[in-house]
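The letters A, B, C and D name the chains in turn, as written, and every chain counts its residues from 1.
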Amino acid sequence: MLPSPGLLFQSVLDGIFLGFLYSLIALGLSLVFGVMGIINFAHGDFIMLGSYLVWILANSLRSDPSLMSIATVPLFFVMGAAIYTAIIRPVLGKEPLIQIAVTVGVGYVLQNLALMMFRAEPRAVQTTYLNFYLNLGLVSVHVAKLISALLSLFIVLGVHYLLTKTWVGLAIRATAYDREVASLMGINVGKVFLLVFSLGIALTGLAASLWMTFGQADPYIGSSFGLLTWVIIALGGLGGVSGLLASSVIVGVIQSLTMTLVSPTVSLAIPYVVFIIVLWFRPQGLFGKG
Amino acid sequence: MSNAVLLEVDSLSKRFGGIVALNNVSLRINEGEIVGIIGPNGAGKTTLVNCVTGIYKPDSGKVIFLGEDITGKPPHVIAVKGIARTWQKIRPFYNMSVIEAVTAGALLRTKDVLRAREEATEVLEFIGFPRSKFEMLGKNITLIEHKLVDLARAIATKPKLLFLDEVVAGLRPHEVDVIADVVKKINREMKITLGVIEHVMRFVMNISDRIVVLHEGRLLTHGTPAEVARDPLVVEAYLGTKPV
Amino acid sequence: MTQVNSRNIFSIVLPSLIVVLAGATIPFLVGFNQYYVLLALQSVIMASIALAWNIIGGYAGQLDLASFAYIGLGGILATMLMIEHNITPWLGMFLGAGVSAALAFIIGFPLFRFGIKGVWYALSTAALVVILHEASIMILGPFDYYIPFVEGWYYIRFRTWENLYYFSLAVLAFIISLNLYISRSKLGYYLKAIREDEVAAEAVGINVRKYKLLALVIYASILGFIGYLYIVSQRTFSYNTFSGPQSVYVAIIGIVGGLGSVSGVFSAALILKIVEEYLRGYLGGVLPGLHLLLFGTLLIVVGILRPEGLSSLTDTLTRKIKVKVLRWYT
Amino acid sequence: MYVRKSLKRAISKTMGIVIGLVIVIAIVAGALIYMTTQAPPTTTTKPKIEKVKIGIIEPLTGRYAVFGQEAVDAARLLVDIINNELGGVSSLGGAKLELYVEDAGTSPDTAALAAERLISNYRPHVILGAYISRLTAAVAEVTEREKIPLVMDALVDWLTERGWNYVFRLAPRASTHGKAAVDFVLEMAKKTNTTIRTVVVLHEDSIFGTTVANGVRSQLIAKGVIPNETITYAYTITDFGPIISRIRELNPDVIFSVPYFSDGILFAKALQASGIKVKFIAGAGGCGYTDPDSIREAGEAVEYFTNTYSYNPARQTQWNKRIVQAFQQKYGKLPTEAAGIIFYSLMFVYEGLEKAGQMFPDDPLNPDNLRAVFLSMDLDDSNSIAAQLYPTGRVKLAANGENLYGGTAILQVIGGQPRVIWPEAEEGVTPIFPRP
């Protein structure tokens, strides 16, 4: 049967909202990879960790998860710094395979820590102020998703501004472009790396608190984000925030459409098929320069 | 037979975005000679070698080796034809032993690993690499040793033509002399024609039969070391580009 | 003396011979206690998978995360043929190997053609597993088969585990020999050169694309062959056989063991499997996920302190033994 | 060179000798052990039986730990009751039950290892397990070989269709769950003369979810109601948005939903948020919605949802009340079906042992005798505790080990509490249909 325009429109809208959240998740990862060349396979698991933290806080304070970002962001920033100095810095020079191994190790640790502490049951936050739909005739908008989408967009653009308009951003981009030159220019590369990695982790903290407004925490959600986020980065091509946003939305919409119109099973596979094909014919990504 | 043309580069050009790295450069290298290729930074020396050895595809022009057009062929094919090169920035095999690394080169001409290893041993001994360090892993040897291994790896492929890209850069004077002797030996005893890219004048002037001078992607001049040294153009080019 | 060994078959066959003979005694030593035999069987299969990975990951240095794509494809094909058409796995396993090899070629050719390496290679292989997982559901529906009980060598399926164990042991021996052979052959030298520096490898006349593809196809066909053994040791198979986490786990064994070190990877596979089972048996109920937590930590430590992995230990050990044996006779 | 060659030969020769020796010794040793282990079982003279060993293999780690851990809790409680309150197996001279717990992990290979380990260490007389069909199949393979009766608490239909001789299942199979959900909804619809035009079947795509959903669909069709759409998803789903949109589009009167666990909570919350008016959401398959954990996590969202249960915690029989109370005292929560299945399965085993002591006094624990006993038992509330614990109050196993009277209860979340409303509602409770 043919889907109604309403349904199409609705599912595209869902996809876009999802896409913006993806872009927030992907941003931290692509920053770390783009600037430091570090391949963080534990990125998704940090979101998982954040979700549990949000769950504990929100349920004990009986308030909305999105507000918990006030706590999670700084906390994760510090944790990011700690992890950088303890685990990432030692492997900076080493070959990618070793770096991947280490971050995979971190992921394993986080996942099973969560399993040991919270067992396998999923945890959802009771009180959210945002978990309702606004009915706008043709479509209806899930407010929690709308808010998190807007917030994500806002943050992503904010980071974009930071990168392009501020001195720190200049330093970061210079480092990304060429470490030697940057350090010659008197930029403390070590500091930049520390900042970027901590920022990346902090962003996952934020993403987690937005996610928990409508999602839930279980030890394995990390993996559901992990690979997909990489797909988005690959499609976006490194560096450009605009590319990142575009590819996130594309992935979101593809998933949403296939899920509504074809089948949820297909929707899991499609992004990866697209990913591999794009990788073949545009290794620099859909929106990458070159 | 010593002046048969081995390599002929015919009006080769290579652009990177706006920058013209090679501008219609033509030169020839004869069998058996040592040709020094000099020029200030950004003169296009390395780009030239990269185009000849297939790392880059030239935008226009021809590369003819032993009368065969090899323009734009992939590096491994060109290596089979008989052109080898070393690297300005060493490309070491950290997790392979010295002997293994060189054997990998020698295997180009034989399937037999044992033969290849024996050849590798000979090459290493020939260039005077300390036998005691043959079994050492790449990550445990010094810079000059890396340079030697790099060189041995290239020689082991039994090339007719070998490009040395700043082989003595960053070495101490007495080490430079060591390499100089080795290079001469390679040319004389192994009958390998050499293209030597260099900054260190003392070194290149001392070993080369002929010198080719590149400047801003163009061929400035060429001749014997003595001629070139006297050439005002060359002097001006070097002075002109000296950082003030 | 490496020069000499590199020539003779002896140094290639001896280790696998020792493994087989030592392994063959285990069932006797444990008095045919099915629990230990099954544990040995599972360790042997895991070691085989990890050593197959060693060819693409250890020698060629490509972080392949698709091992269970090939195991699943080859294994499920062989098993289906057996269940549906009563075709013997002796044939099915080779067909499985062929199909997996074909898949590897179809995936690998463009990947290497377009120069995809490093993290992007890893990700595409990871994506391959997900795709097969979903694709299999689309084709077969959410399937979950139990291998009907048929016994005998025609099906390589038995009530007790010994026979399957011996069969797998033989396969492992072959894979060990293959690894040792490759590492001493031209292919091995070339793959290692590619792992170390692709550009430099090209420059000494190595057709990087060709040799990477060759390594990938060998690896995939071995896994396609093992697939049936893996499934029959599990007794059941489903779309979950295409397991991303398991594939990552294989790579982890390869890395913890030490890239390209046969002894290292071999012992890593055994140790991890046995530790896992010990923890399941004794702590499983108490602390869920503890063993994986330990693996994670181990992985981090190895990555930071000992990138060469267990091999740094095992290699010195094997060398010591060699030297000892030599002194004995000179 | 020459030296090296001779040397190698030397190595090879001695190596050969050494290895040869090792083998010979090993084989001899092994053979000896083998013979001793293979000594003929001494069943000729009847020994006094002090204890009966009961093994239980459940997933205690990983995704399925939720269920496995509660099942083990239940088993511990029952063994305690049987040994202390019922004084053990009287027909075996008051022999006590002894429980041996093993973790099945999350995959068939760990489950098989668990079974082998349990058997080689303790050789239980009866084994229970292993909740997840894939794990149970792996276990059954082993118990079948060793001729150890396996009482299964996994629900997927095909487990009893394998021609296995020593597997038994009291719990209602997956398709029965589907059927029950449909019967309940249609019955209520008739009672309250609610019209049902559009029906959607929504299920997670594991083999379990699919089997239950098939049960739902076939029963619907049998009753002349054609489901308008079946939506399948993986239980690892993280966002129901698109599916909600689809449902908004279809605007069904009734949704038959087979959740795994976490997806159920996600769906309930998404549906609540969407404000879509669905007359009724009937869960099937026992997982999610009505168990305390789900209610805790989903809160308001699952109010008035129902789910089929392999166990009826509110069944008003003497023993059921007693055991539920004991469970709550010991663990501080209502038993869900993971516990319930173990309740009646283990009690059935106990009553079987009693009967075996009378039927086969010479060799009561012989697997074939036990099988004969299990198949001969015909239990109802009047003559059996197990039956009192069972939703339908009747237990009689067919030749394939399946309970002929398999049936489920249906629970509804009313005021944040799981209440039994079908087949007969617990006192003071009336089913809410349709949802207000």
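Note that in this section a contact is a pair of C-beta atoms (placed from the backbone, for glycine too) under 8 Å apart; a residue touches a chain by one contact, two chains touch by 3 or more.
Note that the structure is predicted; figures quoted are calculated from it, not measured.
Trainee: Treat touching chains as neighbours and tell me the shortest step distance from chain B to chain D.
Mentor: Contact-graph shortest path, chain B to chain D, evaluates to 2.
Trainee: Can you name the chains that touch chain A as well as chain B?
Mentor: Common neighbours, chain A/chain B: C.
Trainee: Please indicate which chain is farthest from chain D, where distance is taken between mean Cα coordinates of the chains.
Mentor: Looking at centroid distances, B is the chain farthest away.
Trainee: Counting C-beta pairs in contact, does A-C beat B-C or the other way around?
Mentor: A-C
Trainee: How many angstrom lie between the centres of chain A and chain C, each centre taken as the mean Cα position?
Mentor: For chain A versus chain C, the centre distance works out to 33 Å.
Trainee: From the mean C-alpha coordinate of chain B to that of chain C, what's the distance rounded to whole Å?
Mentor: Once rounded, the distance between the two centres reads 42 Å.
Trainee: Return the distance between the CA-based centres of chain A and chain D, expressed in whole Å.
Mentor: 38
Trainee: Any idea how many Å lie between the Cα centroids of chain C and chain D?
Mentor: Chain centroid spacing, chain C to chain D, equals 34 Å.
Trainee: Two or more other chains in contact with one residue: find those residues in chain D.
Mentor: 61-62, 65, 205, 232 - these are the residues of chain D that touch more than one other chain.
Trainee: Which residues does chain B have that touch at least 2 chains other than itself?
Mentor: In chain B, no residue touches at least two other chains, as defined above.
Trainee: Can you list the residues of chain A that touch 2 or more other chains?
Mentor: 115, 119-120, 263, 265, 268
Trainee: State which pairs of chains touch, listing all of them.
Mentor: Pairs flagged as touching, ordered by label: A-C, A-D, B-C, C-D.
Trainee: Which residues of chain C touch chain A in their complex?
Mentor: Spelled out, the residues of chain C in touch with chain A are 57, 61, 63, 107, 110-111, 113-116, 118-120, 122-124, 126-128, 130-131, 133-135, 137-138, 244-245, 248, 251-252, 255, 259, 287-290, 292-293, 295-300, 302-304, 307.
Trainee: Using the touch rule from the top, collect the residues of chain C that touch chain B in their complex.
Mentor: The contact residues of chain C facing chain B are 2-3, 6-7, 184-186, 189-190, 192-193, 195-197, 199-208, 259-260, 308.
Trainee: Could you please specify the touching residues of chain A with respect to chain D in the complex?
Mentor: Contacts found on chain A: 3-4, 6-7, 10-11, 14-15, 17-18, 115, 119-124, 126, 131-133, 135, 140, 142, 144-145, 214-216, 218, 220-221, 224-225, 255-257, 259-260, 263-265, 267-268.
Trainee: For chain A, which residues are in contact with chain C within the complex?
Mentor: So the residues of chain A touching chain C come out as 33, 39, 87, 90-91, 94-102, 104-109, 111-113, 115-116, 119-120, 219, 223, 227, 230-231, 234, 263, 265-266, 268-269, 272-273, 275-276, 279-281, 283.
Trainee: Write out the stretch or stretches of chain B touching chain C in their complex.
Mentor: 53, 55, 74-76, 79-80, 84-85, 87, 91-96, 100-101, 103-105, 107-108, 111, 113-114, 116-118, 121, 135, 138, 153-154, 156-157
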